[in-house]
Each structure stands twice: as C-alpha cells, then as structure tokens.
Amino acid sequence: MGFKFNNDRIYDIIAIGRACIDLNAAEYNRPMEETMTFSKYVGGSPANIAIGCSKLGLKVGFIGKIPDDQHGNFIKKYMADAGINTSNMVIDKEGHKAGLTFTEIKSPEECSILMYREKAADLYLNPSEVHEEYIKQAKVLLVSGTALAQSPSREAAIKAVGLARKNDVKVIFELDYRPYTWKSKEETAVYYSLIAEQADIVIGTRDEYDTMENLEEGMGENQKSVNFLFKHRPGLLVIKHGVEGSYAYTRAGDVFRGHAYKSRVLKTFGAGDSYASALLYALIRGKDIETALKFGSASAAIVVSKHSSSEAMPTVDEIEQLISENEKK
Amino acid sequence: MGFKFNNDRIYDIIAIGRACIDLNAAEYNRPMEETMTFSKYVGGSPANIAIGCSKLGLKVGFIGKIPDDQHGNFIKKYMADAGINTSNMVIDKEGHKAGLTFTEIKSPEECSILMYREKAADLYLNPSEVHEEYIKQAKVLLVSGTALAQSPSREAAIKAVGLARKNDVKVIFELDYRPYTWKSKEETAVYYSLIAEQADIVIGTRDEYDTMENLEEGMGENQKSVNFLFKHRPGLLVIKHGVEGSYAYTRAGDVFRGHAYKSRVLKTFGAGDSYASALLYALIRGKDIETALKFGSASAAIVVSKHSSSEAMPTVDEIEQLISENEKK
Amino acid sequence: MGFKFNNDRIYDIIAIGRACIDLNAAEYNRPMEETMTFSKYVGGSPANIAIGCSKLGLKVGFIGKIPDDQHGNFIKKYMADAGINTSNMVIDKEGHKAGLTFTEIKSPEECSILMYREKAADLYLNPSEVHEEYIKQAKVLLVSGTALAQSPSREAAIKAVGLARKNDVKVIFELDYRPYTWKSKEETAVYYSLIAEQADIVIGTRDEYDTMENLEEGMGENQKSVNFLFKHRPGLLVIKHGVEGSYAYTRAGDVFRGHAYKSRVLKTFGAGDSYASALLYALIRGKDIETALKFGSASAAIVVSKHSSSEAMPTVDEIEQLISENEKK
Amino acid sequence: MGFKFNNDRIYDIIAIGRACIDLNAAEYNRPMEETMTFSKYVGGSPANIAIGCSKLGLKVGFIGKIPDDQHGNFIKKYMADAGINTSNMVIDKEGHKAGLTFTEIKSPEECSILMYREKAADLYLNPSEVHEEYIKQAKVLLVSGTALAQSPSREAAIKAVGLARKNDVKVIFELDYRPYTWKSKEETAVYYSLIAEQADIVIGTRDEYDTMENLEEGMGENQKSVNFLFKHRPGLLVIKHGVEGSYAYTRAGDVFRGHAYKSRVLKTFGAGDSYASALLYALIRGKDIETALKFGSASAAIVVSKHSSSEAMPTVDEIEQLISENEKK
C-alpha cells in the first residue's frame, strides 16, 4: 500500500526553508579547538533533502532566501548543479548572512555543532516571495519545521501550506526541530501543531513529536500522537526512534516498522535528511510504505559513514544494493 | 433560525485580547492641539465587547495581560465592577505599559485617534498563560484580530483557538484590524485567514475582509469571501458595510440584511464593539439571526451618540426600545 | 562674584533634549486608579527650563525632536507662544511618539509618576540635526542628562557639547537622572562623567552626583566630587540637598549655601526645573552666585505650590517678591 | 626623539577590543565561491596587535569578551600560548558568538572579506568588566576603534580610557574603522573625535582620519587634522597613506615620514595590525620615531607576504633584517 499524489505536476517536490553552509572540521576525532581546517558544504535540512531527492532522480524545486554574497552564490550554484530548480531562491537585499554550522566530530558517538543563526537570510523569506504559480506545479510541498521558527519566514511557510492545500499539493511536514532558533518550547508547540494538523504526511523523531505536543522529552506515546493527528488532515505519520528504527502509521489503521541498517558510522549528522529524501523518493515513485521505510534507513546508513550531509547523498543503486545485501543475510 | 451553542457551560463568553486605556478629549469639535483635558475610560475592542456583553446580562470572562501600574489596576477594577470574571487577566511583570488611545473629535464626521501601542502589555500575553481549564468553561471564545498582531500574544491567541476547538467552544473571530500594530498587510492576511478558517463565526467590515484576503480595499466581494470560508469551518459570516448596513451569511445558504439605525452621532468610535456585543448577546440568547442583526445595529446607534466606547454600552431595555421605536415608523 | 558668559550672542540659552507631554491628574489627593480626568501640559526637564527662562525674559532656543502628530503640534505651538525659538525643533518622520508623564498626587508628600518613554521621539534626535550655526549663536548650551540615555539622542548631545566648546559657548549640564531610560547605572556613570568633565557648570542633586560617580546613593561626598571635577573643565558646581538647601562651589575655592524657602506644597514635581531656570537667569544676567541660589530656591518654592511644571513657571517679580518677603522675616 | 612612558608598570601594553576568528580560504587566486577549504586563525585588529607585540617580546595583556564555545576556547588558548595575559578575557554567558571573517584572495590586488559580526561576543563587553586594578598596571592602553561601534563595548572602552588617564597610562587609539558595525558615519565621527581628543597617540589611515572628521573620503588634510587634535591631549599622530608611506607628527612640531618596503604581496590583510604592533614595540622600547616608522613598515611588508594576519607576525630579528637589507640598497 502506498500514498497517492497528484501526478500531472511538473515538480515531484518543492521544498521550502533554509539552505545554508556547513563547515565540517577536516580533522576527525578531536575537539574543534584543535582542528585547523574546515571543508565547506551546502547544508540545512530542506536543502539536504532537496539535494538527496534530486540525486535520486526526482524533479525538485526550492523556495528560500540566500545572502547576496559569496556564500549565497555558492549555495545557489551548488543546488543548480545538483539539478534543482532555483528560480524561487530569492537573493536577500538587506545584508543578512548565510546560516553556518561548524561540525565537530570527536568520535562517532560524540558529535557536536556550533551554529551561526543570528539574522540568517533564510529566516527573512517574505510571504510575498512565495508564489502560488510555483507551488501549484508540485506534487509535494516539503515544509521544514525550522522555517516556522521566526518571522517573516514563519508567515511565508504558513502561506505556502495554505496555497498547497488550495491546489491539492500534498504537504509533507518534516519537524526538523532546532531549539536555538525558537523563543520557547510553548511557541514551537503552537506552530508545530498548527502545521501538523494541516499536513498530509508528518515525519519526525519521537522527541520532535514530544516537542510538538509540548511534552517533556520521553513523555509522549506514539498511539496518542496518532490518535490526535488523525482527527485532523494527516494520512501518514512517520515516527523515528533512532537505532530502534521507525514506525509508519496510516489513517487506515496500518502500522509498519522500519529497521535501521548497520553502518560504519563516522558521524551522526545528516541521518534524518537522507532518511527523509529516500523515503519521499520511494513514496512519490509509488512504492509501498514498507519499501519506503527501507529506502529511508538505507540512505541514512550510507550518509552517516561519510563526511558531509549533502555531497554524500546516495544514488538509487547504492540504496538498493545496501537493502539487497542486508536482505541476503 | 439561530446558531447553536454548547449550553452546559459556566461562561456565555470568554474574550481574549487587549484591555487598554482610552483618553477622550473632554472638549468636542476642536483639534486635539487645542484640547486641554482628557477623560479616562477602559478601551480596546475585546474589553469593550466584554463590558457590553456583561452589561446586557451575559456571564463573561476575559483572558489578557495588563500592566503592573495604576492604569492596570484601573482596568482590572473597572472590568470586575462591570461583572466580568478577571481571574485570567495576568499582571505583566516586565514593565510593559497599557496601550493608550487619545481620541479627537473635530466633528461627528471627522474623528481621529492617536495610539500608544509600543510594547503594550496586552501583546505580551504568553501561550503558557492561556489555560484549557478556563476556556472549556465557555460557550464562546471571542478572539480579537489585534491579538494576532505580535508575538507572544499571537501564539497565545492561536493556542486559545486550538483549545476552544478541542473542547467544543464556539470561536467568534472579530477581525478588528488596526494597521499600526502589524508589520505588513501580507502578514495580517496570513494570520487572519488561518484563524478565520478555524472560526465558527467571523465578524468584520468589508474592508477587514479585504485585508484578510490580501486585496486592495474595495476590491473584495462578499460572495467570494463566503464561498472561500464556507469551504472551511465557519457556519456564520457577518460582513458590515457601514451606513449601508450589514449582511449575515449562513452555511445553509441564507442571507440576512441588517439596517443601520439613525442616531445623533457624536463620534464614530465604539460602533463596531457595541454592534458585536449586542449581536453576540442575541445569538447566545437563542434569538434568530435577523433579530441579532437588529440588536447589533441598535447598540451601535446608541454608543455613537455618547462620549465613551465602554461606559456607554447600553442595556437590553435601551436596545429593545430603540428597535421598537424604529419599527413603529 | 558671578560667572562670565560670552555676551555677543543672539541667544542667552539654547537647551537640548526632550520636550514631552505631562498629563496631570485633575483630581488631587487620591490614587490615580480613582482619577478620571487629566490636564495636558508641556513637560520634560529641558523644555520646562527653557519655558521658565523665557518667562523670566531670557532669549531662548531649543534643539529637540517632536512627533508628527497632535501632541507634537501642541508642544511646538506652546513653546513658540512662550517666546522660545523653535527653528531647531525637528519633526520626527519615523512614527515615534511624544513621551508622556501621568502624574498622581496622593498627598504633598506622596507623588508618583507613570512614564511612557518607549521609542519617545526626543530620543531619536540625530547628530546630523544638531547645527553648529545655531549653537554658536548662544551664550549657554543647556544639556539635560536624559538626552544621553539612548542613541542617537546621545550622540546628538555629545556633538552639541563638542560644538559648544569649539565656539566658546558655556556648557551647563543638568544631570536630570531618570533611571527608566537607562540600561544600567554603569552606563549612566560613563556618560555623566564624560559630559560633566567637559561642562562649565554642573547642576544636580547629591543623589545624581552619586549616580555620576557610580556610587550607591548616599555614599558620595561633595568635597570629593568637587576635587574630581575641578581637575577637568568645570568652573562652578551646584549640588542640591533637598530641603536642606543647595551648595555652589567655584574653582576659586568659594562655597555658597542656598536655603530652601517654605511653601504651601501641592506636589514636588517641577521643583528642579524651576530652580535651574531661575538660577541660570540670575547667572546670565550677571548676578552674584548667592543671589542666583536665592532665585533658584524662590522659583522652586513657587512651582511646587501649583498644578503644573511648565505653565506654573514664575516671573522675575514673583521671585523677587518671595525673596524680599523672606528676608524681612 | 622618542615618546615617554611610565616605566614602573607590569605590562608594556594592554589592548582592549575584539578577538575573533579568521577563516582564510586555503585556495588562493580564486573566488570564494570556488574555494572548498578554510584555515582557522585568531583575528581582529587588537588581538592581532597584541599577538604581534607579544611575539616581539613585549609584556602584553588583553581586555575582551569571547564566546563560551569551541571558538572562544581556541581564541583564549592561542593567545595564552602566544604569551599574552588572558586574565581579563571574559567568557560571554549570553550565547553570543565569535565574530568571523572569511577572507577571499582573488589576486594580491583583489582581496575581499565576508564578515559575521551580528551579536559578536566582543561587542558585549560590559563597563563593569573593565577593572582599574588591571589597567593601572600598564604603560599603554591600546583602544581599537571598532570597540566603540556598539553598546556596551562602547561604554567599556570609554571607561577604560578614563581609567587610563586617571592612572597615567598612555592611551593609543588605533582608528581601525570597519563600517559594517556602525549605524552611521555621523555616529562614528562623534565617538572617534571624543576618544582621539583624549588619547596620547592616534594611529590611522588618512581615510580613517577623514571618517573621524566626518569628511568625505579624500577631503581631509593632515595639517588640519594635526592642528585640531593638538588643541587637545595627543602628543603624537601617525597618519598612513598606503604605498606612499606614513607620517608622524609631534606636538613639538616635528614631522617624520616613513616609507613602505617592497614585498611579494600575497594579500593586503593584516598590514595595519602588523604595522601598529612593531611601531608600538619600537616606541615602548625607547627607539626614536624614525626608527619606529621603519619597524612598522618592515613588519607590514612581512605579513602581507604570508597567509594569516596573526600567526604570521614577525620577530624583531626578521624586522631588523628587512630594514638592514633595504638600507644597504
């Protein structure tokens, strides 16, 4: 059993949200105080998912705001080269900068990040820069939770969801919770609930569902989350439990479980974005939900073994090979 | 034909939003530069409506934030004396002040206001200060559009609407558009649409509906507004056209027209709030929609002939007398 | 012995800083929660001093910023009618409002105020709006401490002091400390010291000198203050001790004491501004320091017995009469 | 002829201001869009000067604020390892980040930078974090112009200058003008004048002097600048004219000219900081002004031929060798 999309559309998926810069320490397994060199990549959850989807062969568009500087130019060129339509990536004219993420890989288990998100250009996307003509050309609108963290990006994302619903574009809400951009947990819960209730598919970790429900971490239960959201619009809910795998719930009452694949882990960054891109690829290509969960897990297992989150996104062949290797065992 | 409410509730209506101070020039028919004395009243659309409803005999509660100073004390005492439950009026502890409105009455046709809304306490109501236990005790939650203008009041109002829906409390959305508190028309349109789609009854002027639809003033049409909103939750829409009267549309397809009553106009302030309070009174008391429109018009006609917007709110007897006098003619 | 000014100048005194609105409760001897009517006056320390000086017959100019609304129009007209040159009172074009002071007179001993200073227009005076051509026409530049509280008014005031020194205009620094406009006591101390060191005459209460010296209230000593400031530019220091009178110190080593006059006190507001205006009048008219201290005390005694701070400013005759009545005793 | 310092002090020089992170593109001679790797260095004018002075053998202290993260730790450790006393480098506890400078070297003539200065930790140094006990232990306080750009760092720097003057510590003001941190040119001119008038030595480019005098670039004249500042406290003024060399003016009326040394230029960054550190070293070590100008020029010539601004700071031997090589010619 799969999930139905409106097929007479130009784009398989249009993502809205941030496209930023990752600066990954070139030296592994040591604290950042001792690293001297950083490698530059495009980063940010919806950009990574867009790149992942494009690499898998989907037709992808992006709505976002990038700075009018060298980092902005790099982001746009990289995404265009990855095959993404960048016609709705707006150049900021008010001096905002690209968000930055410095990553530190002390050990596979101990990774941390240092974020520069103050006045990040992506948070200044205006609702007037979100166009119905563009959104209505998509099967799917992917909304990243971080796009809701501050105004005016928040209003731009809410407007995009309204336009998607009006034009029968499926809304995928990737919770993508990053605490540092939000004022309070209460505020996050208000907007996460608001958008989740209007989405068709919601994807997040159990902790992110807890945040949406304004619960302490670890206090939520999948069944309660499912009961609540199925009173509203969603048709498919994906809840991720880390190494224990993930669960997919359908409105029809089916429950599917996906298992994590083993991998030689270099770092944990990028797992969620690669998971989402391969899961969406599979759903959009009409595969059933069980297969989609396998695609997500396989893609995540590949990316955590490599240095970047965007550049490392796998091909369909790589994913299928990993799945088939694991099924032989 | 009327409108159904959940009757096993303690409060007829709980309003959420601002309660402020009006400073009305004591001297009429001259520019404010020449006035030397101001009379102090409680003001702010939802406070006025709450006072109006209470004076008509409804059981009323209020959710809002007031300053920790003499103006805040005055507001709370005045509303309590008017019979309103003030247990959920929170005292601001961060130094915010009461919003102020200086009014100038140059002539009945030429009234203007001078607003102090910078860091007004009401805009600092937090979502954590909105309690489900309180809201679920009401038949009706009245949300004022201005409560959506800034964070965190915006999130508090969105949360209140969510709690109302969860607990089968009817949501009345009074558009109450005040441009000076909003960053842009686009931003207003995003939140007005969002809440209107989730409300049971929407009340506003034609211009306010235009604002919600992100149209130039005068470009909107009632039928289009009605077609759009009846795809969502609303069951009753009231659109006001000033001296030409008002229209009420039901989901069932009925259209009712209300006519404005003649009055010796002193000033135009307060007309909308008195209209809303009497209309809501009539609906909650089970009167049919035609009667409710008459109540609204009669109440407005009385208030515009007096000096204040809150203190001047009429009784049921006064309203019924005005209606019956007009029907004799 | 008096104080020398440069006499070939058009203006006796140009004041820089705020001109605002006072709203004085019309009803005395009760808490503001119970007052219903407010009378409107021009207020703000440098505006009051300018009005006081003009009423005493000095030629006065004013540098400040007022809002583009009815309150701004009122302020400008009132000051012009009081004989003040308003050519350098700039109209704010960014929507800032007039500062407001609601006064409450519970009893002569218990007066309090409720301030609206958020984004007050006076604090938005730009350095580019301070003109050398104007300042060089004055004998005296009066700088109010509150003008230093926020940027860009702070930079405008610092620029004015530099231009005054360059053009041999005496700088009078009235400390006028209002805690609510400052971020911290440390910040106040930095700018108060900076300007006091460059001023010719400094006037303030003992508490205000303590603030300048970053001391706890009551920890300062006049002799230490005097020793410190006479290492820099000042030639005359006036330190006020409330009902115990005031002291004037000269660089030459003279000390003069002024005594407070008895008065039927209605409220304490306005005492400092009326004191400063009459003291400055006397010094500019060439009277000796002892006489100037008497003028200050007499003017203060008259204003505290009346309802306003600006409108109540006395004439020379009233002051001289009060002094002569007291000397007879 | 040299310049006299108070010699019974522990520190030769204490610098106040920013210590940040430089991220220099590892690949030269190409646009940043095409560079993939960045090398990390400590940067920021006063930090560079402090490192330069320490490497030359001076005893150096530093007053500044650094973030509570990996970048902050790196900065502090690097400076301590360079021999600088870091006891007055305060750890920010409010989440501010290290300023970042990405550098791009397209060609020796075409270098550009991309700054992250939004809420940079150094700009949050509080006046209460500047201690008289520390400053009075120094011969010289070096103030960087950028420290004046925003509050509260601005007040911290003004306070430091006041304490230096009180304790007979010579104040060196390095104009170090960076437009992106200032609100307006007028604002810069106000604070630059204020501090320059109170400094003992002022160092800057001709363009920076123009900024201080609120002139269009290129409109200033050295003689006018000199005439104005010698009416106040300064005893020595250094004005740099790029490849045409620099001029030093003394209050006694002497004028000295320094010449730029030829160098294989890799990039232009760091020239000013290396110039200042070597000039100050020479003056503090009692060398005459002509020699000090040579030291400055030689140090600059060495740094522009290397990749970083801090790590590349030369030793005394390297400087003396370059001078002697040039004098042989």
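Every chain is named by a letter (A, B, C and D) in the order it is written, and numbering of its residues begins at 1.
Simple rule for what comes next: a residue touches a chain if its C-beta (ideal position, glycine included) is under 8 Å from a C-beta of that chain, and two chains touch if they have at least 3 such contacts.
Just so you know, these numbers come straight off a predicted model, no measurement behind them.
Engineer: What is the set of chains touching both chain B and chain C?
Structural biologist: Touching chain B as well as chain C, we find no chain at all.
Engineer: What is the chain whose Cα centre is as far as it gets from that of chain D?
Structural biologist: It is B whose centre lies farthest from that of chain D.
Engineer: So, what's the distance in Å between the C-alpha centres of chain D and chain A?
Structural biologist: Averaging C-alpha atoms per chain gives centres 44 Å apart.
Engineer: Whole-Å distance, chain A centre to chain B centre, using C-alpha means?
Structural biologist: Chain centroid spacing, chain A to chain B, equals 41 Å.
Engineer: Using mean CA coordinates as chain centres, what's the gap between chain B and chain D in Å?
Structural biologist: Taking the mean C-alpha position of each chain, the two centres sit 60 Å apart.
Engineer: Name the residues of chain A that each touch 2 or more other chains.
Structural biologist: In chain A, no residue touches two or more other chains.
Engineer: So what shape is it, when you link every pair of chains that touch: line, ring, star, complete or other?
Structural biologist: ring
Engineer: Judged by the touch rule stated earlier, which pairs of chains are there in contact?
Structural biologist: Pairs flagged as touching, ordered by label: A-B, A-D, B-C, C-D.
Engineer: Residue numbers of chain D touching chain C in their complex, please.
Structural biologist: Counting only chain D, the residues touching chain C are 126-128, 151-152, 155, 158-159, 162, 183-184, 186-187, 189-191, 193-194.
Engineer: Under the touch definition given earlier, write down the residues of chain B that touch chain C in their complex.
Structural biologist: Touching chain C: residues 23, 26, 31-33, 35-40, 69-71, 73-74, 77, 97, 100, 102, 104, 114, 116, 118-119 of chain B.
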